[in-house]
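Here it is: the structure, laid out below.
In this document, chain identifiers A, B and C correspond to the written order of the chains, with residue numbering beginning at 1 in each.
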């Protein structure tokens, strides 16, 4: 009897020691963005879908457990070596099943719905993370993911720091007395630039950085008549590092669309990485960098670096 | 047994041996179907696949996580995909055979002569505007109406093609191809316009329409397309004999007792149904309708009853095999299947053009 | 009875047929002769039910031609066009079998096809691809096809032949006309557009001479083939002899 009890104690001690620090004893249940209750028993093999989801999962310390990501997940650098599960809206269900994940964390809008249904049938916990493109939804995202991973206190700490960053950005915006306008150029093909109109993610980061979108009366990313850009008189031109193939200020401002703009006069060409266009934990920092590039004379203070912003490629001017 | 049947067709010797060729097509199809169900990123032994299929037949999926997983993979992912690929392959090949019979022209392929692009344009217009105009209409309705809308698009394209390409019941190869190019250009111009209006998400779906994919195959898609494709197959056998007579010329077919206008009307409707539904569930997949009937005519002859049966078998086998290739060659990513069929079909088309250069003049 | 009465067909401002009339009856071979553009082929197409006409009347067995459906009509008359291009590589025997109605028993069909191929001396080409045959051979295969079409419904009915001898050599020209005569001998009716007056005289019970969209003369060869008619039709001077059995013509010179 005695020896049996002591053996049990040894086994129990061994099991507890073998358990990952974050894992709780029992499964936890989460109500996801679609309203389904999903039971999560094991977070040892996670598939993340959506750039912000991936960043938050890494920031919460679960990077080691991530087995695959979608193609919108490009940060931190470690994800580049992970297998891909394709584009978030066109997930291949069998590709996901083949990875034998114990948890799929996918941003709202991932799909197709049939794929999610099939994954549910294959008894793979598929949790849809609520989406939203403002500060409040970002904080909700962080807390939600932390809860799903059973580390609510870590999530609370992260949310608090992100909220501070956004407050700091709001304080920066208050320092801007005369707002400047900018045009976001997605691509330049044959001299006709594809620019960001109203209701775009570029306009979103502009607003956070206290910059007006010079392009009005057009929705979405569309090729624009060069004259219309001239008429809009942007004071800065923002492009994407990944897209402009080293197109320097000289070449850019030689194009008829930009040659006569105030931006050309001040040689204000700002290249930003593509994550500036997605809403995630690094967004406040992105807004600060964009604002200090557009308003260099204000010497806006930097935000404190956070664990989830390190290894970020520097924006260039 | 009637004169149009196999007994008569087989009375005259062909080098291939009609029955042997059709039998071989059937065997290839069975192998391709099984391979398609057995191969995928989740590795499973063939006997495991068979037992999951067998149990699934009786609605048994098991309870263990591994059983549920394998059941989902085989029954919910691979089976509907394989089935959809096979029936779309059969439909495209049969539609090609019928189109060629009606136009008396071996180059009529639904993709090449603008019918599939017409269907795709209708589908894209519907996706963008159907959702826009009827914002309160649920997405399910938009999706269910899709095959009907593509059907209308392909029907319009065929009728236009007949108008443009045929003169007094005769269609020259040049006219057919010119009219097809014009229609295709018109359809892609229209689609380009839609792209300009479309949202980013709709844009992503655009490659689906232009290059085809079976990536999103589900049982509901199979159910959506099946009635249209059955209409094609049922109608095809009814007009097979009439198409044989039309090979003599429309006047001669009428002389020999065929109601030519009726046959042509049926052909137009069923081809539109088959191509429209195929495009609705899998996008534009070219060249299947060109390659398959041509290969079969070389081996079993042009008699349409056998040609249609053979086209259904070989078309299904060819597209199923192409899909296996498309989803394994760059796994886990997927090649658009239209790219695979185009790489097979385009060189074939060029060869065909060269071979017929003189007679096409 | 198979009759066309007072048929008028216009194409643009021109009357292709301008009141043409013709009657066929069982047991008789009727030949249409006349210069190019006289409307011979058009009249045949009108009678076949293929071509619409502005005015006049075509009846078969007393029923207007437009009231017949294609399948029923095919049992009562068969048409041999001038030349037929077959779209795909059908075998000669398969082309002949296209003459069979859709619901014909397969076994009897094969026998009929073989018999017809024998009639036109094409048994050897049975399993050859139609598109590899010469023009004359194709014409004979097509003749076999229309024979099979009438045989399949009892062998009676009317045979409409549009220049059936045009691409044939002499022995096959004679053989074709013999087939036409045999068909009439078995109670069928024949209408043949012929260019060769001598062949027409040899084969026909009645000759219809056409000019400018009208049948200007009808009657037995002996009655109507005269130097005067030949001159009216063709503007050619000819002397009509009657040495062998019936009349024949010897053109006097090539140019009018």
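Heads up, the rule we're going with is that a residue touches a chain if its C-beta (ideal position, glycine included) is under 8 Å from a C-beta of that chain, and two chains touch if they have at least 3 such contacts.
Since we're looking at a predicted model, the values are computed, not measured.
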| item | value |
| --- | --- |
| Chain closest to the middle, measuring from C-alpha centroids that were averaged per chain | B |
| Remotest chain, subunit C as reference, centres from CA atoms | A |
| Subunit B-subunit C separation of Cα centroids, rounded to whole Å | 44 |
| Between subunit C and subunit A, distance of the C-alpha-averaged centres to the nearest whole Å | 83 |
| Approximate Å spacing (C-alpha centroids) for the pair subunit A, subunit B | 41 |
| Residues within subunit C bordering two or more other chains | none |
| Sequence positions of subunit A contacting 2 or more other chains | none |
| Subunit C partner contacts - residues on subunit B that touch it in the complex | 1-5, 7-9, 11-14, 101, 104-106, 241, 244-249, 251-252, 254-260, 297, 301-303 |
| Residue ranges of subunit A in contact with subunit B within the complex | 83-87, 89-90, 92-95, 97-98, 112, 114-115, 117-119, 121-124, 220-222 |
| Subunit B to subunit A touching residues, read off their complex | 40-43, 65, 68-69, 71-73, 76-78, 196, 199-201, 204, 215-216, 218, 220, 331-334 |
| In the complex, subunit C residues that touch subunit B | 45, 48-50, 69-71, 73-75, 78-79, 81, 84-91, 93-95, 97-107, 109-110, 126-127, 145-146, 149 |
